[in-house]
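Okay, structure first, notes after.
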Amino acid sequence: MMETAHNELSQLLSQISGYIYPNEIEVHWSILIVVYPYLTGLVAGAFILASLVKVFNITELKPTYRLSLITALSFLLIAPLPLLLHLGHPLRSFEIFLTPNLSSAMAMFGFVYAWYLMVVLLLEIWFDYRVDMINFAKTAKFPMNWFYKVISLFSTDTSPHAIAIDKKVIKFITIIGIPSAFILHGYVGFIFGSIKANPWWSSVLIPIVFLFSAIVSGIALILLLYMIITPSRGIPIDMKCLDKIASFLLYAVIIDFSLEILDFIHRLYESEESIKILTEMVMNKLFISLVVLQVLIGMIVPLSILIIIKLTGFNQELRKLLYFLSAILIQIGIFSTRWNVVLGGQMFSKSLRGLTTYKLEIMGIEGFLSALVLLILPFFILALLIKILPPWKKTEELPI
Amino acid sequence: MKRKQFLSFTGKILFLFSTGGIFGSLLKGSKIQSYIDEHPQVVRYALGIQIDKCIGCGNCVVACKIENDVPKDPFYFRTWVERYIIKKNDQVIVQCNEGGAGKLSQDIQEREILRSFFVPKLCNHCDNPPCAQVCPVGATFQTDEGIVLVDSERCIGCSYCIQACPYGARYMHPETHTADKCTLCYHRIKEGKLPACVEVCPTQARVFGDIESKASPLTRLKRMNKIHVLKPELNTEPKVFYTDLDGEVK
Amino acid sequence: MNKIPDSIIRIAICFAALLVLVIIARVIIIPAELTDSDIYLASAIEREMAHELSYAGSETCTDCHDEYFEMKAEGYHKKLSCEVCHGAGLAHSTEPDEFTPSAPRDRKFCPVCHTYNPSRPTGFPQINPYAHNPLSPCISCHNPHDPTPPETPSECSACHANIARTLAVSPHVRLECVTCHVTPEEHKSQPRRFRAEKPENREFCSQCHAKGSESLNAPKIDVATHGNNGEKYLCWQCHYPHLPEVD
């Protein structure tokens, strides 16, 4: 174990340019720490899309409401895994609950996660599906009927009055859910943004940029899922819904892009001490992941496509194709954004005199395959949830 | 009769005063003692480094690794020595071969050099430590003497403190998977000994002392030299005080 | 309509049960050592203090070896701790017969400090380990506990190696150090107490560099008007005499 670590680090020695502090040769926050904000970003973004239906009454998005909720849940359940895999002592992670250091943003993780999972997401899903769960409890076979009885908490009231109460509660939960989603993902941005030692991270804008890129990626994910699942159910895609999703996607991308341009201009204008090494890092180590993937392919191309569609209005089939393409490019772009923030911050030395390299292993607990599995797992959970808690009504009697 | 009365009166007064005085001083003495017990003298340890004395021999790096069981690989250092060469064309070269314990390169010509010197570095035991601020479980903390320590049984290995340290003083220990760094040889200084790096410095470039004390080598160093700390703009309040520190040292 | 809805009651019961479990776990089940910061910080400090020492500190060595301490006390190595050369010595001080400290008796150890390097401060004695009495162990001429050299160095380069090497590639290579630096003899044995001098007027350099001087190769200038502000600066305040360069 020590041998392989020694060999890996020795290989990095030849990749250093300039001068780095001797302890900086090891990159501590690996691809797993890139995956984590990507996952929670999707959670926050999907939830925001759902909240547009309940709080702002954007009725065109109704077909995606439940899908957004259970997508958020699938990704939220997997989100702690990359963190646990990355810790040196994952079995001690309960200490975050017992003795949280109140000045540490990372200590918030346990509480914010628990709050969001229990009080926002699970609660909202429960109230929205309550009547359905009661009906499934009646119609399902053993053992599933008992399963539905338990998760509906043995509730039986399906009167219009109870349903009205459900709707009120959902609205209330969504209202507190929006700032909760902001905090769930925003605190991750704050974890980076509050590190004064690191000029790549230390910025007021990072929590905001994280949040808006999360919204972008979440909306794009729901767009993709909606476009894939609906035809597989044999139902035509509701173009009003799709166009609405794409509209909100466009607005979110515009805001996100503006924020990133603002950060870029601000850095160049102020031209602080770190500008030389950061420029060198961007042009040498991060050129493909930042200039090509994040900005060009992940932001400018989809933005242009969405604007063109908005202005000229193509036919239905072309729109579907372009939306799909844009959403995929956006996912690549937002993942690259996370990569550039996390790894960019570690590839230059705090002496501002040198650059090091991150070598992504294929195997290993923090390797490429591990990250891939973590990214795919939520979809399996989503498939399971779609089976247990179908997002779309099957009969006329069940309300959405 | 009058003299007798006078003498006896004076004697009584004297007796009263003396016993009162003895009694009072005994009482005061015990009051002082209990005050001392309740208010132990504040001690704050710090380190001074005199750049113009450092010869870059690397003894401190080697001794630290021996004393503190630091992994021998050149990727983990509790202290290291940087070599700065500022050339006449304003180019700055910084070298750190095996933390400063390795061979010094001889390939720079004297005629190109404007200034050159060695800078030992270590954990600064900041009084406003950003590492302690960000630790999610409170595993890294500052003792009453001003030393910042890591509780390796509490640390969960998240590396947040390593990211937060502006000086690159921390590393992840490859065997314990917890954060590790210079402790100013806490186990030595509590026994009245010097930290290992100070002990083996051949030119006394490293000066250990108590900055609360009115008479310590460190207090004299702070009086007789212009003092600089690393990255003062970050307000970490570091307690490693450099004399003769060049502006090119980051 | 004051009745709380049934669904909300069920949810509230769930949360209440969870809360009770959490409270029981936190207050009753989990021991104080894990949560009370006074306890666990104190135990962390204890564990830190319990680390074993390797170095004894030179005051420990003097308990048995004070004759070496006295020998060292007046010499150039008086500030050098014993363990710099002899290695970590705590094991030896507790079990003198079991552990013997090493003593460098070859040429490998002394050059760690004394090899010439341009980054080392001027005045620190430095040698070229390949050229300086090759193959002889250092201790054959220098007693490490009182390393006064067997002969007083005749060349200034023994302690000022960087300056000497810089001078060696400069136009001033033919100048002896003492030509410009009047040096008392005591400087060689007490360098900090008796210092060498620098020229204090422009006339000194004019001996070679003024127009009309007899020196053949030195570049000539009009001393009265040369340089900004004429007479204000001494020559070496602009020109580095060990490697004088002009634009």
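Read from first to last, the chains carry the letters A, B and C; within each, the first residue is number 1.
Here is the rule we use: contacts are C-beta pairs under 8 Å (C-beta built on N, C-alpha and C of every residue); 3 or more make two chains touch, one makes a residue touch a chain.
The model shown is predicted, which means the values in this text are computed figures rather than measured ones.
**Q** Looking at chain pairs A-B and B-C, which one is connected by more C-beta pairs in contact?
**A** Higher contact count goes to A-B.
**Q** What is the identifier of the chain with the smallest separation between its Cα mean and the overall Cα mean?
**A** B
**Q** Subunit A to subunit C: how many Å between their CA centres?
**A** Roughly 51 Å, centre to centre.
**Q** Taking each chain's centre as the mean position of its Cα atoms, how many Å separate subunit A from subunit B?
**A** Their C-alpha centroids are separated by 44 Å.
**Q** Starting from the mean Cα coordinates of subunit B and subunit C, work out the distance between those two points in Å.
**A** Result: the chain centres lie 17 Å from each other.
**Q** On subunit B, where are the residues touching two or more other chains?
**A** In subunit B, 138, 154 touch at least two other chains.
**Q** Residues touching two or more other chains, restricted to subunit A: which are they?
**A** In subunit A, 95, 99 touch at least two other chains.
**Q** Quick one: which residues in subunit C touch 2 or more of the other chains?
**A** 37, 40
**Q** In their shared complex, at which residues does subunit B touch subunit C?
**A** Those residues of subunit B that touch subunit C are 52-59, 63, 66-68, 83-85, 104, 106, 108, 110-111, 113, 116-118, 138, 141, 143, 149, 151-154, 183, 186-188, 190-191, 193-194, 196, 199-200, 202-204.
**Q** Mind pulling up the subunit A residues that touch subunit B in the complex?
**A** Touching subunit B: residues 1-2, 5-6, 9, 18-26, 28-29, 86-90, 92-93, 95-96, 99-101, 103-107, 109, 191, 194-198, 345-346, 349-353 of subunit A.
**Q** Report the residues of subunit B in contact with subunit A in the complex, numbered from low to high.
**A** Touching subunit A from subunit B are residues 71, 73-77, 80, 82, 92-96, 99, 121, 130, 132-138, 154-160, 162-172, 174-178, 234, 250.
**Q** Where on subunit C does subunit B make contact in their complex?
**A** For subunit C paired with subunit B, touching residues are 37, 40-41, 44-45, 47-55, 57-58, 79-81, 83-84, 88, 112-113, 115, 117-121, 124, 162, 165-166, 169-170, 243.
**Q** Considering the complex alone, what residue numbers of subunit C touch subunit A?
**A** 5-8, 10-11, 13-15, 18, 26, 30, 34-35, 37, 40
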